[in-house]
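Take a look at the structures below.
Look at the two complexes coming up: chain A is in both, with chain B in one and chain C in the other.
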Partner chain A sequence: MKKTNLTVEEQASRRGRRGRPLRFIRSLGALAWVAPALVFVLVFAFYPVLYSFFISFFKYRLTDPSHQRTFVGLGNYIQAFTDPTFVVAVRNTLVFVVGAVGVETLLGLGIAVLLNRELPGMALVRTLLLAPLTLTPLVVALVWGALYNADFGPLSFYLKQIGIPIGRGPVGEPSTALASLILVDVWQWTPLIALILFTGLRSQPTELHEAAAIDGASPWQRFRFVSVPLLQPTILVALVIRTMDAFKLFDSVFAITGGGPGRATEVVNYYIFKVGLTFFDMGYGAAMSTLLFLVIVGFSAAYFRVLNRVWTNV
Partner chain B sequence: MRHLRHFVPVLVLLAVLGTAAAQGQSQYAGATLNVSVESDQYSAAMQALAPDFTKETGIKLNVSILGYSEIYQRAIADFVGHTDQADLYTTDIVWSCEFAQNHYTEDLTSLIKRDAAELKTDDILPVMWTLGSCDNEQIAFPLVGYAGVLAYNKAAFDAAGLQPPTTVKQLVSDAAAFTKNGKYGIVMNGARGSPSAQDYMFYMLMTGGSLLDANGKPQLNSAANVAALKLYASLFQYAPPGAVSYSWGDRVTSFGNGNAMMMMDFSAGLDYLKPGKFPVSGKAAITTPPVTEGMKPVYPFGGWGIAINADSRQKGAAWDYIKWLSRPDIRKRFVELGGQPIRTSTLTDPAMVKAYPYFPVLLKAFQNGNGDFRPRIPEYPQIENAVGLAVNLVINNQETAQAALDAAQTSVEPLFK
Partner chain C sequence: MNARLRRRLGNASTYLVLLLVMAFFLLPIFWFIETAFKPRVLTFAIPPVWFFQPVIENFVAVFKQVPVLAYLRNSVVIATGATALAVCLGVPAGYGLARHPGRSSNALALGLLIVRMVPPVAMLLPFYLLMRNFHLIGTYWAVILLDAVLNVSFAAWFMRGYYQGIPPSMEEAAYCDGATGLGAFIRVALPLGFPGTVTIGLLSFIASWNDFLMAMLLTARTTRTLPLGILETYHTYEITWNLMAPISLVAVIPVLILGFALQRYYVAGLTLGAVRE
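This part shows the complex of A and B:
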């Protein structure tokens, strides 16, 4: 028998060459398994996004009798930046995102800390906390719309009973309308942040807390210097999820205010809906959608950058 | 002889049709029509009548009820994509020219002319034809006509020794007189968008305003329209505080609960006139809207038509359904089930008038109805949006009537170039 003197690398290389067809067949098999999902994503996610980007460069009204699609270059994007309604909608959307996500995060953190304490009945509280999350946002908006009604809403009724004048109601006053929508969002989505942060708190190693306690750290110091730093990645994940969602605010504006009073609650997603699906101005609607998409991607990228840094440090 | 076998299917078909005809069934018996209906008072009537149509003709109906935005979006997607999702659509009066110019739905003009005697077209009130007409085309058949009316709390008016207002001046003074002791003289739709835009348009028409000029160009900021908006905004001092955010349902609730004494309304539901529906039931009445002193009476008119999808492959069966639905006897049942009339014979039938004592008011309103106070043009959604914003800004004291309507005019002008 002929003896071969091959190095380890050469042997591995030969094995690799022999294994290549097999690996290729295995890859094809794997591809077959993921193909349906891949096709689904390509057809229902990628294609619409790309097509939307494409038509954003055209003057294209779906119900135009001439059925013309005229190339306008960046015309629709320029129109967006000079459209007073879009500018107001961007401002309102940013206020909403910062306000809603900020309050939800602070409240969510507080609730998560409470949930993390072993108090009687806490299991029931955790379960009840899930209730707002199970409701359809449009239903939540309709219920809050009824609550806010200045003349026959229960909220207004009880406020009047205790002598608090409510005038035109929370959503009837331009100064309080957007805050009222933030409250709706906070009611529904704070539990989500609370639950995410609660799981983050639960997964923290107890040894660090015990060591800090032995070193004489107070409960606040343990929270500030042990819990919060360890929780940072979880907080960022919650922020990413909620920020992306808050930018897409639609239901409560649609069901409660219609963008009013005046332009007080005009937000980008609702304006896109009107332009795209009421006026059928698809080109302009697509341009605004692309801008919104880019803003969300920008925010998400920034969050992930911070997240990577935090994870490295933790 | 062997060629006879080619005739066998034809003979079978003739036999089936003959049997169907013998049973009084349609030549389209066995077909299934998909009907998309907007969710409104009349939609329940259409659903309730569907089994009768099937029994009589052998044509099955799938009636889908959709919200206003949904049916519009679905119809446009269906028409543009030529997907033939529904054979028939109920169509809002303001969609008429958009659908006609795009040939989305079948032009029924020749069919109506051909079957005029069967349809008894002379019995259909002239204004009803605006529910689907554009230029010389009739792209939808009249289905439900809504008259703009003034609803008022008759008991309160009687107690105060007042007659319902016939002029705008009286309307304002009555509204002021009833605003006391936690009650309000009038209630409007103040919510931004369609509610405030359409409500304002009632008052605009009543005071001689118009959104388009004689050439069909927008004149949202005409002197008459600005004056109408000032009047409309001033009435909010006599309305419940929350009226600035009201939509149609809130307005009816406010009136129905006896909180407000008057409101302008379309005769789509008139639930507050039905016994037991609201605290004000039995105490409320309707009358034709007041107009500016000396003005020829003209009243808001709206409603829905029913149209055949131009891509439908069952146009014959669809036309049979439209004809059946417009039959005078079916129209009476349609009204009893919650629909609204289109025929003079329905509105003047003694039994119907006994059941619906307000029919003479509707007849008068229809005879003087204006179906174009909301322009039936493709640009209507943008006009309504611009007017809705302007009205809302004014009633919230954020803009003057002139400035708000100037901005609205500027925003819609490019659509007409």
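This part shows the complex of A and C:
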């Protein structure tokens, strides 16, 4: 795919053994450009991450005046799997990720198809769609928290008006609280998916669609058997981006529910925050961080595997 | 005739569905802006009041309670600093990775991407301890450094893709004219990569502007950012939408204007190479 235009040096390096040191020097060339960024990331990102990984094998309370660190091996990890709150948080996180990313993808695909009809006024619609995803997530959370408010929130009011019993409000009832947070996420991030997929649809060659139309394919068939298969890589990239972020859900839990009612909206990222920053149980928080990181990397790696296969097929 | 009618019906239904979709996305924003300008007595009216004479009493009240302008300045300083740092480090890195393809640069690019997968909460506490050792807690630097480190990996990764899409022939011409590597980068590659640089600058700025978790832990009273000011209006036993809405509006207007004004670059960044040829 990319190996069409080889420079003279590259051809030489492919031909003979003498190319080998040349190639090595060339890769060092990259290092010179990357070095400042790399040092910066190593000091300020990898060091904290490694420290977090290291401390996950210790009992370490930040509030302890003697700063005693006690080695406990895998103790913190074992604690995680026997901690009922963590188990609930994992389940809620998975429900949230699957629910939010799933709805966003379907809804986003639908909106992308509408945008792709290129009618007058579509440019304005695309511009306005940028608004939700640009807003500060904390503000989005506070606004939705207000809309959901059982006593004064407009949304709760109109739900009651049309005869839906809301009890203590959408986020006050354990049965609807997590779904309500999913709705907030859907509101903020569906436009992102819609814009990504729209860009993907617009970049598709028209010849295939025309050929399918000449062969008598209906609009639906053209969408299902031409557009969607061509769009697959784009959909996957959108999924990767959203999934990575959905696992890190924090702002709306922090600002709307605080993990409640009960443990209905307790999610891993927020629970880590609580354990680390309000109970100052550094070791345990770090162990859960490691687990969350591994899950995110695992999901992303799986996506990229599929993506590679799709890219070679198309 | 029949075909034309069908097309018109199709267009009409497209508009109708889009109208519903846009109502869903814009009504919460509309309510939020209205609340900022709504007289306090109407804030909690049931049923909700949608039409009224707009007032600025809420802005006056929140400016009295929270040092909004100082926080605005802090937000500008921190977001600008983090963006400048991310761009200055990320653009050369992306350029180098693109122009020296190979196993090692693929590994480097992947390593940078992994930073985006780390839950920020995991980095926050160790980073806090690190900053405490440097005596930087409460200064602009602490937040700038953390925001920049989260942005720089993305910047490098994005610019790598961007420069891969630009053939190196122009720089090779500069080499033939006797330019050094650095000279070719500054005089040729930087101008060519300018649109991409605007994109990552904008994304870095918005990301850092919108953050409150890092700022919450790393700033002190004199360096607090606007999102923290929003939280200051929050009371446990009293609903204060009349204060929350105006300060939130002040907080989101700058990024909304930037996003709309630089829309072309913004969308290019959001789709971050999702759409490849």
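Operating definition for what follows: the second predicted complex is superposed on the first by the 276 of 314 C-alpha atoms of A that agree within 3 Å, B and C clash if a C-alpha of one lies under 4 Å from a C-alpha of the other, contacts with A are read in each partner's own complex, and residues count from 1 in each chain.
Keep this in mind: a contact is a pair of C-beta atoms (placed from the backbone, for glycine too) under 8 Å apart; a residue touches a chain by one contact, two chains touch by 3 or more.
Just so it is clear, the structure is predicted and the values come from calculations on it, not from any experiment.
S.K.: When the two structures are overlaid on chain A, which partner does A:200 contact: first (chain B), second (chain C), both, or neither?
M.R.: The answer is second: A:200 touches chain C but not chain B.
S.K.: Figure out whether A:175 sits in contact with chain B (first) or chain C (second), or with both, or with neither.
M.R.: After superposing on A, A:175 lies clear of both chain B and chain C.
S.K.: Have a look at where A:272 lands relative to chain B and chain C in the superposition and call it first, second, both or neither.
M.R.: A:272 sits against chain C, while chain B stays out of touch.
S.K.: Once the structures are superposed on A, label A:257 by its partner contacts, choosing first (chain B), second (chain C), both or neither.
M.R.: first
S.K.: In the overlay, answer first, second, both or neither for which of chain B and chain C A:152 touches.
M.R.: Touch partners of A:152: chain B and chain C.
S.K.: Scan A:82 for contacts with chain B and chain C and give back first, second, both or neither.
M.R.: It touches nothing on chain B or chain C.
S.K.: One more residue to check, A:63. First (chain B), second (chain C), both or neither?
M.R.: In the superposition, A:63 contacts chain B only.
S.K.: Name the chain, either chain B or chain C, that contacts more residues of chain A.
M.R.: Touched residues of chain A are more numerous for C.
S.K.: Just which bits of chain A does chain B share with chain C as contact spots?
M.R.: Of chain A, residues 62, 149, 152, 277 contact chain B in one complex and chain C in the other.
S.K.: What residues of chain B sit close enough to touch chain A in their complex?
M.R.: 69, 72-73, 76, 80, 98, 101-102, 190-193, 195, 240-245, 250, 253-254, 257, 259, 378, 381-382, 385, 388-389, 392-393, 396, 398-399
S.K.: Where on chain C is chain A touching in the complex?
M.R.: 11, 14-15, 17-18, 21-22, 24-26, 28-29, 31-32, 35, 43-44, 46-48, 85, 89-90, 92-93, 95-97, 99-105, 108, 112, 114-127, 129-130, 145-146, 148-150, 152-153, 156, 167, 181, 206, 209-210, 212-213, 217, 227, 230-231, 234, 239, 241, 244, 248, 251-252, 255-256, 259-260, 263, 266-267, 270-277
S.K.: Which stretch or stretches of chain A touch chain B in the complex?
M.R.: 62-63, 65, 85, 148-153, 156, 166-169, 171-172, 174, 257-263, 274, 277-280
S.K.: In their complex, what parts of chain A are in touch with chain C?
M.R.: That would be residues 2, 5, 23, 26-27, 29-34, 36-38, 40-41, 44-45, 47-49, 51-52, 55, 62, 111, 114, 117, 119, 121, 125-139, 142-144, 146-147, 149, 152, 154, 157, 161, 187, 190-192, 195-196, 199-200, 203, 233-234, 237-238, 241, 244, 247-248, 250-251, 254, 269, 272-273, 276-277, 282, 285-286, 289-290, 292-293, 296-297, 300 of chain A.
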